[in-house]
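In what follows, a structure is listed as C-alpha cells, so that the remarks can point back to it.
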Amino acid sequence: MKRRHLASFDDEHALLGAIARCRAAQLDVVEAWSPHPVHGLDAQLGIPRSRLPMLAFAGGATGLVLGTVFQYWSSAVDWPIDVGGKPFDSLPAFMPVMFELTVLCAGLTTVFALLARSRLWPGKVVRAHPGVTDDRFVLAAVPRDPTLPAHEVDRMLLAAGAERAWEETIP
Amino acid sequence: MAAELEVLAHAPTRAPNPHAPSRPSGCAVPSEEPLIGGGKTLTQVTRDVCAPLERRPTFAWWAALCAALAMLLFGVWAVGYQTATGIGTWGLNRTVGWGFDITNFVFWVGIGHAGTLISAVLLLFRQKWRTSINRSAEAMTIFAVLCAALFPVIHMGRPWLAFWVFPYPNARGSLWINWRSALLWDVFAISTYFTISLLFWYVGLIPDLATLRDRARGWRKKLFGWLSFGWDGSGRTWSRYEMACMLLASLATPLVVSVHSVVSTDFATSVVPGWHTTVLPPYFVIGAVFSGFAMVLTLMLIARRVMRFEDYITVRHIHAMCKVLVFTGSIVGLAYATELFTAWYSGNEYEMFAFENRLHGPMAWAYWIMVSCNVFVPQLLWLRRVRGSMVAIFVISLLVNVGMWFERFVIIVVSLQRDFLPSSWSSYCPTLVEFGAMVGAFGLFFTLFLLFCRFLPMISMFEVKTVLAPAHPKEHA
Amino acid sequence: MAANPLRVALFVALVPAAFLLPGSSPPRLPGDHSGYAPEQPIHFSHRLHAGELSIDCRYCHFGAWESRHAGIPPASVCMNCHASVSAGFDAQMAERAAAVAESRDPRRVVSPEIAKLYAALGLDETLTQQSAPTPIPWVRVHDLPDFTWFDHRVHVARAIACETCHGPVQSMERIRQVSSLSMGWCVDCHRASAAEPGGNSAQHVSTDCSACHF
Amino acid sequence: METHDDNLLLPFEDTTSSRRSFLRTVGFGIASAAMAGCSRGPVRYVVPSLAPSPEILPGRAYWIATTCGACSAGCGVLAKCRDGRPIKLEGNRAHPASLGGLCAVGQASVLSLYDSMRLDGARRGGASASFEDCDRELTRIFAELERSGGRVRLLTGSVHSPSTRAAIARFVARFADGRHVSYDPLPASATLTAYELLFGRRLLPSPQFERARTILAFDADFLGTWISPVEFGAAYTRGRELAPGAKFRHIQLESRLSLTGSRADERVLLAPWETAPALAGLCAELERLAGLPSRLAQLGATPRSERIAALAHEVWASRGASLVLCGIDELESQLLCAYANELLGNHGATLDLARPSQRRLGDERALGELAAELDAGSVDALVIAGVNPAYDLGGRLALARAKHVIVASEALDETAVAAGWVCPAPHALEAWDDGEPREGLFVLTQPTVPALRSTRSLRASLARWSGDARSDRDLVRAHWRSEIFPRSGESDFDLFFERALQAGFVELEPRARRSLAFRPDALAQLAPRAQSPAPGALALVLYAKVGLLDGRHAHNPWLQELSDPVTKIAWDNYACLAPTTAATLGIGEGDVVRVHTEQGAIELPAHLQSGQHEGVVAVALGYGRVGTGRFARVGPHWLDAQPTVASDGVVGVHAGPLVVWGSAGRSFAGAPARLDRLARNVSLACTQDYHSLELPAALASHGHEVRDAVRSTSHAEHAADPHAVARSKHPVADQDLWPDDHRGERRWGMTIDLARCTGCSACVIACQAENNVPVVGKDEVLRHREMSWIRIDRYYQGEGEELRTLHQPMLCQHCAHAPCESVCPVLATVHSAEGLNQQIYNRCVGTRYCSNTCPYKVRRFNWFDYPHEDALANQALNPDVTVRSRGVMEKCSFCVQRIQEAKARASVEGRALADGDVQLACQQSCPANAIVFGDLENPSSRVSASASDPRAYTLLEELNVQPSIRYLAHVHSGRSTKKESGHGG
C-alpha cells in the first residue's frame, strides 16, 4: 500500500519547472510521463545513461564471430568443394555475410533489450494517465515527510504550476 | 513566397482551437518558415493525424484500393501461371538470362532506400524536417523490400526449392551453400535489411499506437492495446527509447549503404562486359537514394492532398526533398560519365564495345530514356518556377522513377544481349506474363501502402510534437 | 507479466513436439527410407536362402559383378533348384510318412509360395506349361532417386561386402532397407575411403558430385 | 530410370512416367517429406525377365556391328545396345570406307527405329491386312502375270545389296516382260552414262581424296551431301593434313555456298549455265598443256576464261594427284569432267575405276521409259521399294495407271497411301541385310533388337511371292554361301560368316575385268548450248541439305531441328538469294516469295545467303513431306506458343515439282525462274543472329573491329611464323590472384582442330543422342532456346567470291576458373577433382546466373518440361543420363557418364585408366577426327600432344578462366585476306 501524488501539466516547460520547485518543497519526483520525449527530463529525474549500447555491441560481436566461423567451417572444413578454382577459405568473399550478420544481431539485441528492460511486451495491459499519450505531462511525487497531509501536497503541486493534482494509492 | 501562398490557399481552413494560446510558430528554426504549419497544439496534432483513421474511408480510398487489388490479382495470375508452366513464359533466352525479373528486383530494393535514409541518416544528422515524413517513408521501405524479395524467388526455375539458399543442416552430407555467390550475399543483405527496417519502423510506432489505444474504445482499444506493448510514456522508458532509436539509426545507416552495394555485386563480380566494373556499388547506392526520394516525393505529394496533411508535409519538406533529388540526380549523372570513361580508358575491347552498344546499339533507346530522365529532368528543379508548381514536381518525380527503372533494365539486358562471342548475340522482348509480374508488384506495393494509410498513423505524432514550438512558461495564480 | 515467461516456455516446448507428431516413428531426415520392408508378391526368405542354406549372394544377384545393377534374379534362376525342390523339408517328410502310412506313392508337395513361382512361369504342379508366363512384379526396396547413379561393379571390385549397405540380409525373413541410402550416408563412406592410403588412380574414391550425379 | 533398366518386359509407359513424375515432384516431395517426417514416394516395381539371355545383362551396354541404313553410303556402325535395344550408333573404326565416322543422319537414324508412326503389318487397299492374305493374293497375281506374260516393273533406289539384287534378278526373270528400274532421288545417272560412253562401262569411280593435292569441285558437295560424305570427309581431311611441304588446294566452283564450298581454299562463283562451258574451257586448256589437238573447239567461249586457265595450270601442275569433280547430273558436264580427269591422268590414280562405287546405280533413261509406260497404262504390276516416287518425282509417275501397285516402305508415305498393297519394310536396325557400297567391300546388317513392327524386306517378299518361304537371315546367308564365300578363298563358311558378322564387313578382291580403255570419240557429240537464261530471270538450283538430304528422314525431329551447317536455320526450307539480288528485287529476309518456273510455282520464305551467285535462287529439297504434320505438337505448349508446322500442316515446302524432266533425265539446276514477292513474311528459325566476327561498324572502337574467336591463317604466313596465329592479342599474366590448390591427378581436356572440322554437324546429333537433349520446336528455336550442348558457330568474312566461312564447334570449355561456378548460390555447378565443370541437375534451382556469366554462352536452361509423351521414342533415351526437368540448367558434361563407365571398367579389371579409354560422343562421331579428348596432366596423352601444337590457342584467353579446351587454328592455302581473324585489329 503505497501512496503518491500525481500532478498534470499542459506543457513540458511547466513540467520541468515544477520538478525543480517540488524538490525545493521537499517533494521527491519519482517519475514523469509525457506524450513525447522531454529533453532534460532524465537529468531532472536523475535517470542514469542507458547501457543499451554495450548490449548492442556485444550482440554485433557475436554476429560477426558466428558469421566468420560458420562460413569458414562450412566451406573449408566440413566439406571443401572446388568452386571456380577459388581457395576453400575465400575470406574476402565471406565479408558481406559477416557484415550483415553483425548488423542483424546487433539490431535484434537492441530491440529486445529495450523491450525487456522497459518491461514492454505484446498484450501488456497498462492504465496510462489520461491524456498523457495526447497532450498532458504528468509527474508523480512522494513527500519526504510521510506525515505531510495529502491536501497540503496537492496545494504545493498546484503551486508548482500543475493544472491538476491528486493522490493515488498503488498496490 | 508565391509557391507557399498557393499551397496554403489549398489548405482547408479549420476553426482555430480556442484552448490553444496563439504562439508565434516556428521558433524551433526562427530564420525559416515553420516546420509545421497552422500553429498546431499537441492535441491538434493528435486529432489531425488520427482523423483519417477514425473517419470512414473516402470513396477515393476505396477506388484506389480496388485498382491496386486489381493489379495485384493480375500479378498473382502471372506468377501462378509462370510457376506452373515454366520460366519459358518469359521472354528470356539462352543469351539474356535475366530481364524484367531482376530489373524489378533492383528497382524495388532501390525504392526502399529513401525510407531508411530519412529515418536513420537524417535522425543522426538531427534533421527535424524528417519527422513528418519518416513514418510513411519507412513503411514504403518495408513494402518495397517486400516486393523486391518476391522477384529473386519467382525468377528461379524451381521456386519451390528456394529454401535451398539457406544454410540448414541436411541429409546431403551436409551440403552447405556457396558463400562466394553474390546472389547469396543478396539473400542475407535483403533479409537483414528487411528485419532491421521492420524493427525500426515498429519501435517507432509504439508510442503512437499507445495514443491510438487511449483514443479508441471497444475492439480497437484491445487491438491497439496489444500492439502498443503497454506503453505508458514514462520518462525512464523515453530515455531508453531514444537511445534505442539512436542505436538502430546508426546500425541502419551502414546497412542501407551495404544493401545496394551487395546488390550491385551481383553484376560487379561477374565477367559480363558492362557489369564487371568497380564503380557499381557507389553508383547503385546513390541511384537507390535518388529513386527512393523520387518515390517518397510522389507518395507525399498525393498523401498531403488526399489526407489533408498540408500543415505537416509543408512546402519546406517538399523543397528539401527536391534539393536531395537535384543533388543525387547530379551524382547519378557523374556515375554514368565515370562508367563511360572507365570503359574507354580501360582499353578493354569488350568493355568498350559494351558501352558503344549501350549508346548506339539496337537498344540505345533504353539508354537515352535513362539518361534524360535521371540526369537532365531533375535539373529543372533549379528553376524556382518549376519548384513552385507541385504538379511539375510530381511529374518530375514520376519521370525519375521511370528513368531509374530503365537504368536497371539497361545494365542488365543491354549488357547481356551482346557479350563476347558474336554467335550468341541475341535480343530480348518481354511477354505479357512478365508485365503481369511487374504490375503485380506495384499492385502489392500500393495495396499495402493504402492499408497502411488507413489503419496506422501516417505521421509520427510524438516526433512531430517534439518539433512543435514550445509554450512560454505560464504564470501561475 | 508473470504469465509471460510461462507462455514463452510453452511455445518453445511445442516446436519439437510438432516434429514428433506425425506417426510414432522417431523423426527422420527427408529421403531416409531405412526400415522399409514391403510385402512382396512371393514370400521369399533371405534368411532361409542366404542364411540357413548359405547360398552365395552372387548366385542370384549375378549382375552385381559385371553391371551397375545387381539385378533381381530371373525366374529361371529360381527354377534351377525349384524345378526339383517344391516344398520345405518337413512338408516332404510329412507327406512321405503319410504315404507310408497309407501305403501309397508319396504325392508331390508344393508349398503355396513356390506354387506362386510356378504360376508365374505358367506351370502347373507337374511343371507342364499351362499358360503364358507372366513376370513377377517384385517391390523395389533399395531405390535410389532417378538422378543418382550407383555402380555395384565398382564397389564389389573394391571388395565391399554386400552387408555394408544391405545389412544382415541372411537374417531377414522379408528383405528390409537397413541403411538410410541418403546422400550423406554415401558421402561419409566415400570420405572415409578417400582418406585410405594407397589405391591406384583407377580405384580412387571420389567425392565429386559427378561420381553419382550425371 | 533405374527401374526400366532392370526389366525388358514392362510396358513402355512405365519407363518414363515414373521418372517424369518423380522429377516433377521432387521439390514438393522433399518439402512434404520434411513436413511428414518421412513418407515414401510411390511404390516402384522391379520386374526381372523370365529367362535371361546370355549377353543381355540389365544395365550393361553391348555393341553389335552392323551397317548404317540411313542412306546408300553403307557406313559401318557399332550399335550400342542396352537391355536388348539399340540406344546409340557409333562409327565402326575398322570399317574401310567410313573409318569410324558417322554423319548426322546416321546418328539420328536410331531415333527413326522408335518412330511410333512406322508401318506395322501389311495393308491392302488402304486398310491393314495380314501378310498371309496379301502373300496368297500376290503370289496368285504374279503367277497369273508369269503365264500371261504381263508387264511387271520393279522400281527401287540404288540397290547394292548382292542378295537383294540376286532376288530381284530371280524375280524379274520369271516374267517375259519383267524389268528392274532403279533411280536415285539425288541422281548420278549422267556420271554413269558418261563413263559408259567414255570407258564402255556404267560405273561411278571412287574418288581417292587422300591422294589428291589439288581438288577442283564443280558444285559437288562431297563433304555434305554428295554420294558418301563420311568417307569423303575422312579422306579429304587426311589429304589436307599439314604434312611438311605438302600444299593442299581445294577450289570449289559453285553457284551457291555449300558446306564443301565453305571449306574450300578458294571459291569461284559459277552459275549452273556456266558450269559446262567452264569445264570445256578447263579441258581445252589442259589439252593445250598436254600438247594434244583440241577436241572441244566447237564449244563456245569460256566464262571467266583467265581464271579457269589459271586453275587449269594449277591442277595441271599436280596432275595424277588431282581431282576434278562435278556434282551436276548432266551428261555434258560429266563427260567433260571425266575427260579432264583423263587428261590429268587421274583415272587409276585418284579416281579408282577398279573399285567403282555402287552407291548410285539409278538410270534416268530407264526411269523416263517407265514414266512413259505408266502414262500409257501398260504396266500390269509395279513393285516399289526403298524409294518414294510419289514424293521424289513430284508426282510425275502415273502410279495409279498401273494395274497393281505393291509398295515396300517403312512409313505410310506419299507412295504407300496410293498403293493397292503395302508390305512394310523393316528399319535397318531390326533387319538382316547386306551390301556392296563399292565393289569388293561387302557389308552386313544384322538386327539389334527384336522386330518392333511386323515388317518384311523386299528380298524376303520377292522370294515369298515366288514360293520361297525362307527368312531374311537364311536368304542372306544362302547368297553369301553361294556367291561371296567362294571368292574369299576360305574353307569354313560358318567361320567366314561369323567373322564377317563380327566385323560388319569383309573386303574381297573385286572381280577381275578387262581394263577400261578411254574412247574419246564420245566427246564429239558435245554440242554448244545456250549461255544464260533469259535476261531478268534467275537460274533455279535445287539442292540437298545436310540432315534432310532427299527428305527420307523428314520425320526425324533431331534432323529437322539440326540447324543447317551453312545457313544455321532449322525447321524450314527457303529460297536462298544473294544479298545484292535480294536488294535489287526488294526482298528481305523471311519475305515469302513465289518461285515460278515452267514446271510450276512454289511459295516459300526468302533467305539472304552470302557467297551465292547473283543469278541464282537456291531451294532445298526434302521438305513438305507428308507425315511431318506430326510436328504440329512438338515443343512446349503454353499461351504464346507458335506451331512448328506451316499453315498447310507440314514442315517446309516441297520443291520436287520444279525438277525439270529432260530426255536424259531430271535436271536440278539451271531452270529459269521468276520471283514474285508476296505480302507475307515468315520468320526463319536461325540459331545465329549475327554472322561475322567483325563488329558492327558503328559500334566498333578503333583497333577492335574484329574478334579473334576463330583464328585462321594462310599456309604462307603459317610457314613464316608458326606461332603467330595462336599468339594472343592480350597476353595474360600467368600469375593468379590466389594460389590454385585444386590441381587433381588428372585434368580432362579436349582439342578441336579447326583445320580438320568441316562443320558437318555429326557431333551435334551424336551429342543429342548420347545426352538426351530434347527437341524444342521451331518457336523455341526462334526464341533462341535451342538446347544443343554442342553447337557449331559459323562466321562469314568478306562477300561473294572472297567470302571465307569459319566453323567453330562450341561447347562447355570446362574452365579451371569457371565464372559460372562461383556465382551459383547452391553449389549446383562446381569443379570436380578431374577438372570437370559439373552441373548437378538435382541441386539446381534455376537462377540462370551461371548462364549469364558464361563467356561462351554454352549453358542451356530448361525453360519448360519438354514433351516426353511418346513412350516408344523414349526408348531411344540414354539410360545413363538424367532426363532434365523444367527449371534446371544443363550443358556439356564431357560425357561424364562415359568417363564413369570407363573408370568402372578399369577398376573392375584392376588397372589404371589408359589414354583413349574414354571416347566422347562428339569425338567418336567426327568423320574428320577433329576432336581429341584425354588427360591434359598426362604429358604422353594424345590430347597433350595436340595441345602443344603451335596452332593451339584457348578461346577468350584474356579472361583467364583457363578453359580445358584448346582450338587449333585453321590453316588454309587460299590468298591471305587482310581481315584474317587471327590478326584481327
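A, B, C and D label the chains in the order they appear, each numbered from 1.
Criterion: contacts are C-beta pairs under 8 Å (C-beta built on N, C-alpha and C of every residue); 3 or more make two chains touch, one makes a residue touch a chain.
What you see is a predicted model; the values in this text were computed from it and never measured.
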Quiz item: Central chain, going by Cα centroids?
Solution: D
Exercise. Between A-D and B-D, name the chain pair that shares the greater number of C-beta pairs in contact.
Key: B-D
Quiz item: Where the centres are mean C-alpha positions, what is the separation of chain A from chain D, in Å?
Solution: 81
Quiz item: What whole-Å value do you get for the distance between chain B and chain C if each is reduced to the mean of its CA atoms?
Solution: 60
Practice problem: Could you tell me the distance, in whole angstrom, between the mean C-alpha positions of chain A and chain C? | Solution: 65
Quiz prompt | For chain A, residues that touch 2 or more chains besides their own | solution = 79, 83-84, 86, 90, 93, 119, 121, 124
Exercise. Please set out, as single numbers or ranges, the residues of chain D touching at least two other chains.
Key: 30, 819, 822, 824, 827, 830, 832-833, 843
Practice problem: Please set out, as single numbers or ranges, the residues of chain C touching at least two other chains. | Solution: 29-32, 187
Self-check item: chain C residues touching chain D - in the complex, by the definition given at the top
Solution: 19, 22-23, 25, 27-33, 36, 38, 63, 66-69, 71-77, 120-121, 133, 135-140, 143-149, 151, 153-154, 157-158, 200-204, 206, 208-211, 213-214
Practice problem: Going by the contact rule at the top, pick out the chain D residues touching chain A in the complex. | Solution: 738-742, 816-822, 824, 827, 830-833, 962
Exercise. Using the touch rule from the top, collect the residues of chain C that touch chain B in their complex.
Key: 29-32, 180, 182-188
Quiz item: Which of the residues in chain B come into contact with chain D in the complex?
Solution: 81, 85-89, 91-95, 97-98, 152, 155-165, 175-178, 180-184, 187, 266, 269-272, 349, 352-353, 356-357, 360-361, 416, 419-427, 431-432
Quiz item: Across the complex, what residues on chain A touch chain B?
Solution: 10-14, 17, 31-38, 41-42, 45, 47, 49-50, 52-53, 56, 70-71, 74-75, 78-79, 83-84, 86, 90, 93-94, 96-97, 99-101, 103-104, 106-108, 110-111, 113-115, 117-126, 128-135, 159, 161
